[in-house]
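Have a look at the structure that comes next, please.
When the chains are written out, they are named A, B, C, D, E and F in that same order, and each has its own residue count from 1.
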Amino acid sequence: MVITRKVEFSASHVCRNPRLSEPENRKLFGMAANPHGHGHNYVVEVSLAGDPDPVTGMVLDLKELKEVLNREVVEPYDHRFLNYEVPPFDRVIPTTENIARDIWRRLEPHLNRDRHKLHSVRVYETPDLYVDFFGDETCSA
Amino acid sequence: MVITRKVEFSASHVCRNPRLSEPENRKLFGMAANPHGHGHNYVVEVSLAGDPDPVTGMVLDLKELKEVLNREVVEPYDHRFLNYEVPPFDRVIPTTENIARDIWRRLEPHLNRDRHKLHSVRVYETPDLYVDFFGDETCSA
Amino acid sequence: MVITRKVEFSASHVCRNPRLSEPENRKLFGMAANPHGHGHNYVVEVSLAGDPDPVTGMVLDLKELKEVLNREVVEPYDHRFLNYEVPPFDRVIPTTENIARDIWRRLEPHLNRDRHKLHSVRVYETPDLYVDFFGDETCSA
Amino acid sequence: MVITRKVEFSASHVCRNPRLSEPENRKLFGMAANPHGHGHNYVVEVSLAGDPDPVTGMVLDLKELKEVLNREVVEPYDHRFLNYEVPPFDRVIPTTENIARDIWRRLEPHLNRDRHKLHSVRVYETPDLYVDFFGDETCSA
Amino acid sequence: MVITRKVEFSASHVCRNPRLSEPENRKLFGMAANPHGHGHNYVVEVSLAGDPDPVTGMVLDLKELKEVLNREVVEPYDHRFLNYEVPPFDRVIPTTENIARDIWRRLEPHLNRDRHKLHSVRVYETPDLYVDFFGDETCSA
Amino acid sequence: MVITRKVEFSASHVCRNPRLSEPENRKLFGMAANPHGHGHNYVVEVSLAGDPDPVTGMVLDLKELKEVLNREVVEPYDHRFLNYEVPPFDRVIPTTENIARDIWRRLEPHLNRDRHKLHSVRVYETPDLYVDFFGDETCSA
């Protein structure tokens, strides 16, 4: 069984590789390479796989899940310029792919237990573009 | 190939375990433990896996699928107080996890055939919280 | 200029008039007359009309608006059985129309000021049914 | 890692099998068998599985993905009567299942590379009905 | 007070004026002039203005409103090619504007009463384009 | 009759008044005062009031409306840091209220004609917060 909870944050980012030239960055990332940055209302769906606890009927106490998501995802990311304020994006390009991987890295130590495991992290940059990350062990291709 | 159809129902429920004390229930379920109950517009997505019939081009006749979902899910659940009116929730806590499992149990006898199998049941309690159930045989963790 | 903020709550209700017979209630309200009650994820959009403050560029400080909506609407309504726990619904049928009027009554003393007025309260019972209330002075017909 | 991009098109179709009688078609497809056709705002979600390129941080250059989707899906399907204008639907019933399979067939030659593979094609006929296709090799049942 | 109910139908249409040349039609309507037609999932929101009945707490019995909308809008429009099957679109171009006006014309005789009036008809052709019609007496400009 | 078209852009902004102290800005705007900025997927709905042209059945040629919105709104705003790159936000705080007013100012010269007038500009900063602007002549309070 997989349970999924959604949270949201608003942030800005720039997509550029400092080792590439300006024209190369523009060709690759288009307007997203604009060095002033731009922003999104990011939507994150975090999924846990496990079995419901027989006492509570829940895979994980929803209040606890909400607290972990707020502390580990919303607080560090919300209303931030990711490249300047949220490591590792001072040195990693904050594409949707890399944001999903970083959210997984932040959540995994807090959500993997005997009864349930972190299953996936989905990040919507816009309603038309999203990434699902299942952890590095999963060969998702 | 997997085909998914969405249905909705409005119901109320209480999340409490009668073997726990009032403070334990409040700590675990928060406001959802309020014994008067509260309610949701539940959204259910039922998915069948199979191959399209060569004559119809459909995995399952959509009218038939709609009839099964109305008869087995919408009619017994809609406009009900689950704990009092919809077994097994007189003795099972109607968390989203347990609702998904019960909907699977109700649908499986009517939807598994040679050509297609019930693949998953997704239940949204709110737009921000949902559960996917794949049947007990599936080790989804 | 009109600024609108959305909040949500989950509640249950029964729609019956105690002065009508059971068949009359069933004929009028259908399944919504079920005395056990049923529930919804209600969505409320509160709109203020006014001009932005020249110092802040805002019609009303958004944090203040959020606090008023949480205190006056979400806290009293959320996770409640309206007929039993939220006056005046012990004596007024909690139709969407009456809920919108009650939310207006709760908010108006806190949101009408020199610079802005409460403009409207929209309540969605489901995504397919909603009511807009503009205050009793407005002849909306 | 799986990245998904959404595109939309508006088209009309008829669901009938010319080898069946009129009553058989009506029984099977209902109103969708009406020979004049009817239409939908189709939503397509195309998913690629792969690892982000270390230089770009992206599984696939989003501009390139967008160009492929527009050229291979939106241009041939948008504002068309599928049965009359978009092969193979002159001889294949344009059910959602068959549309998903055809979109896969059109995209696969352009999206499978060393670093990433076409993972799935989801087609929504309406918000309440959608199909996921994973390619013929996948035993999704 | 204004109460709004949403219904949906799927239909196809062609936007062309037979008194214009093919290039003029293409210039004016673009792909929508394709004579084979194309389709949409139309969403209609019908609003009534009035005061709640003191006995029922409702502006209009919701079951009655639903029956009127199904009989007058969904049944004649759903799964139809508007230009060929739904008068007046054999002689009136089925733009979103004209569809909204026709739905008003169909509903007004059934929804205007002492206690409430038809207030507006909103028609979404896609989620990105919609029209509000308030009846001919309203000078909405 | 009012016709509405939706467009979207992604941008970042900072809400601070340079004449206020840092604590005053934090108190007033909260996290939105963070000088690095943060971002949103803004959604804009532009409404025109008028009567359909008898030849076309449209209030305004949709292709022309789309071109105006792209040229006057999407191109200058999309993927920009509003405070640094989009006048007048070098000197006006880019609250949702002020963005709605600026979009009105940009569109009005291009959309007011004999047959139709710019009716309103709605700007969503998030799905939970939006502003409607009707032009300065309208006394919307």
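Simple rule for what comes next: contacts are C-beta pairs under 8 Å (C-beta built on N, C-alpha and C of every residue); 3 or more make two chains touch, one makes a residue touch a chain.
The model shown is predicted, which means the values in this text are computed figures rather than measured ones.
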Subject >> Co-neighbours of chain D and chain B - touch as defined >> reply: A
Original post:
Among B-C, E-F or B-D, which chain pair copies the contacts of A-F, with over half of them the same by residue number?
Top reply: B-C
**OP:** Rounding to the nearest 5 degrees, give the angle of the rotation that lays the CA atoms of chain E over those of chain F.
**Re:** 120
**OP:** Go ahead and note the Å separation of the Cα centroids belonging to chain A and chain B.
**Re:** 28
**OP:** Please report how many Å separate the Cα centroid of chain D from that of chain F, as a whole number.
**Re:** 35
Original post:
Where in chain C do residues touch two or more other chains at once?
Top reply: 30, 127
Subject >> Inter-chain touch pairs (all) >> reply: A-B, A-D, A-F, B-C, B-D, C-E, C-F, D-E, E-F
Original post:
Where on chain A does chain B make contact in their complex?
Top reply: 1-7, 49-52, 55-59, 61-63, 116-117, 119
**OP:** Would you mind writing out the residues of chain A in touch with chain F in their complex?
**Re:** 8, 10-13, 30-32, 34, 36-41, 78-81, 84-85, 126-127
Original post:
Mind pulling up the chain F residues that touch chain C in the complex?
Top reply: 15, 17, 19-20, 28-30, 92-98, 100-101, 127-134, 140-141
